[in-house]
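I'd like to ask some things about the structure below.
Letters are used for the chains, namely A, B and C, taken in the order the chains are written, and counting of residues starts over at 1 for each.
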Amino acid sequence: MFQEMLQNVREKSPLIHNITNYVTVNDCANILLACGGSPIMADDLAEVEEITSICGGLNINIGTLNHRTIPAMIAAGKRSNALGHPVVLDPVGAGASALRTDTARRLVEEVKFTVIRGNISEIKALSGASAATKGVDADLADRVTEENLGEAVAFAKSFAKAAGAVTAITGAIDVVTDGETAYCIRNGRPEMSRITGTGCQLSALTAAFVTANPDQPLRAAAAAVCAMGLCGEIAWTRMTPADGNASYRNYILDAVYNLTLQQLEEGANYEVR
Amino acid sequence: MFQEMLQNVREKSPLIHNITNYVTVNDCANILLACGGSPIMADDLAEVEEITSICGGLNINIGTLNHRTIPAMIAAGKRSNALGHPVVLDPVGAGASALRTDTARRLVEEVKFTVIRGNISEIKALSGASAATKGVDADLADRVTEENLGEAVAFAKSFAKAAGAVTAITGAIDVVTDGETAYCIRNGRPEMSRITGTGCQLSALTAAFVTANPDQPLRAAAAAVCAMGLCGEIAWTRMTPADGNASYRNYILDAVYNLTLQQLEEGANYEVR
Amino acid sequence: MFQEMLQNVREKSPLIHNITNYVTVNDCANILLACGGSPIMADDLAEVEEITSICGGLNINIGTLNHRTIPAMIAAGKRSNALGHPVVLDPVGAGASALRTDTARRLVEEVKFTVIRGNISEIKALSGASAATKGVDADLADRVTEENLGEAVAFAKSFAKAAGAVTAITGAIDVVTDGETAYCIRNGRPEMSRITGTGCQLSALTAAFVTANPDQPLRAAAAAVCAMGLCGEIAWTRMTPADGNASYRNYILDAVYNLTLQQLEEGANYEVR
């Protein structure tokens, strides 16, 4: 079921406009190329509407947010909406500062997002629910576990409905929902959180998947989340005792590059709730 | 013939000032170190003239262009001109937005460039010729092939003459010309375009080569283009089935680091037209 | 003695706020994750005080300095001081431009730093002593060698006393001192200078070490310097003939990820003067 999603990425090679942070931007560009898409990064207000117009989809990421880029995010988002392009939001660090929380909320108010992807603390901050945060990581108290999964699914569905966007809450167990159907995904490895930007990369990957599959945003987002986690698992099998997070980062990108339709179809580990 | 160009880079270890984008900047710094040069990145108007003065050459790259850095590019370029330093322009994404096209043209008007390096779509956009673009990649319709090579060489020569700069149009076949002599280079691999920033890296490398060989900008630029492509070939021989664009990126930088004079001399694959 | 310093990093997992350059920021984030810490990058004046408040320590790095981030550095530094958080300064390129030299000096005047880490040229520029610089690298004439080590230690001690900060002057031999005691460290390899950002990474690592060991800044900083150099040595043992600076960069981060308490205790190569 997910293999068609990947096949469409490979066949259509969607061009994705990214307004993103300077920490993980190189990895975001490389994961887009790895999956078969194509990246362009542009964040100046003077060009973002034009750039987003020649692209198929838009990925907005608020890490290293600054006053120069906020109006560019709004303008690009509105233009993408007008053109009917898929738009993804990664609310990096929402809850960690008022600037990030307020900007993320303002983005959700002014732009219609196809997918919002973040960790549980970030999505809680966006929802206005009280949430703890450990910087850009989910707070331990918030984490989605087998024990609180039912609760997490209910929260994700309710958030997705209110936001009118497919919502992907990623962590040890990922929950991807459009408010009606929820995919609970158990791909991935805990060591992925020891690499900076695996979340940012997943958001870029998700943008490619929903852009290549515009009529099935829920399934496309779930496929992207499975693909990222699965590539984390495949990459882990290459690890030698001397390897650490730098090699693991490379191996994950390599795995995305080499991921076959069959691997994704067979390796995707999810249940629908 | 090209080995002397590389030898001079290794012996002189040119310090290159880079005003470049935040997507591929780390790779640009590492390729400069790999080839034997030394990088410094600085983009604030308050310091670029001073920084460029202590350097041997300047590399201007308009990816992730923004209003803060445009005046810095102009000021650094003019100062470099006044000092007689080589200056390289990489017009990333010219043609993709008015901001980029206009800024690239303004740069060419106000600064004398030693080398302009871009893909065919970018150089066409700079020339005012009608050109399609796929974001930061060359449009398929524009690509230089064996069939249209004669035409491409004629265009490159005419552009180089008009711009008064050695022009390097890179793609499946690279054309490097000063308007009189053209090197047609068949090094490289198509998979290099699946790595973000191989073009940006080549521009940084070219800056090191022309700075270390100030009296032979055409030959130095052609040597840099051959070296980059050849390193893409050498790196490819290391690829295992599990490797993808992340490992390939590393292997290319490693190959630049280890490139011998003899490898370059024997591996350079070009004809002169 | 140094193993407790590393153990505390692993156990406390300090969250470090980084205001740093866009060249090496990804590596800084990954080394913090590799050592067991956690990074957050934020540089907008509107959020830096809030961000630094939720962190344990602050790392300020003036590479790619610009007018937008200078007030953010000052504000974050003052807030960290008010909260009693450790603060590290990396005066990248001080001496290379008035903007960098003046900003570094202003930072030292307005913010109390726990550790200042730079190469000898940068620290000399900060001290007001006449210094040469090769961009962001130490000038050859300045370099600390066995011959001038006594002199370098005396200079470092006098600078540390005047600045009221542990000072780490890194190079072929590293000198880390609080003005009274100096650790002279002989870990590391010359090839580390062929990778962009090993200095920036060390500053981030140092911030994690002093944050996890707030009562022993001298010992913590010396441990971080030994750890970085030792990981350069360990990584070097993995190098194959085809490997260059890209693979070496990855291997060093991997070595930090895998560094054991025993490796650090046994591999730290220093004398106290």
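Methods note: a residue touches a chain if its C-beta (ideal position, glycine included) is under 8 Å from a C-beta of that chain, and two chains touch if they have at least 3 such contacts.
Note that the structure is predicted; figures quoted are calculated from it, not measured.
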item: Chains contacting each of chain A and chain C, listed by label; value: B
item: Same vs different contact residues, chain A with chain B, by half of numbers used; value: different
item: Averaged-CA centre spacing for the pair chain B and chain A, given as whole angstrom; value: 33
item: Multi-partner residues of chain A (each touching 2 or more other chains); value: 22, 26, 68, 249-250
item: Contact footprint of chain A on chain B as seen in their complex; value: 21-24, 26-27, 63-68, 93, 96-100, 133-137, 194-197, 241-247, 249-250
item: Of all residues in chain A, those that touch chain B in their complex; value: 15, 22, 25-26, 29-30, 33-34, 38-44, 46-47, 50-51, 54-55, 68, 238, 249-258
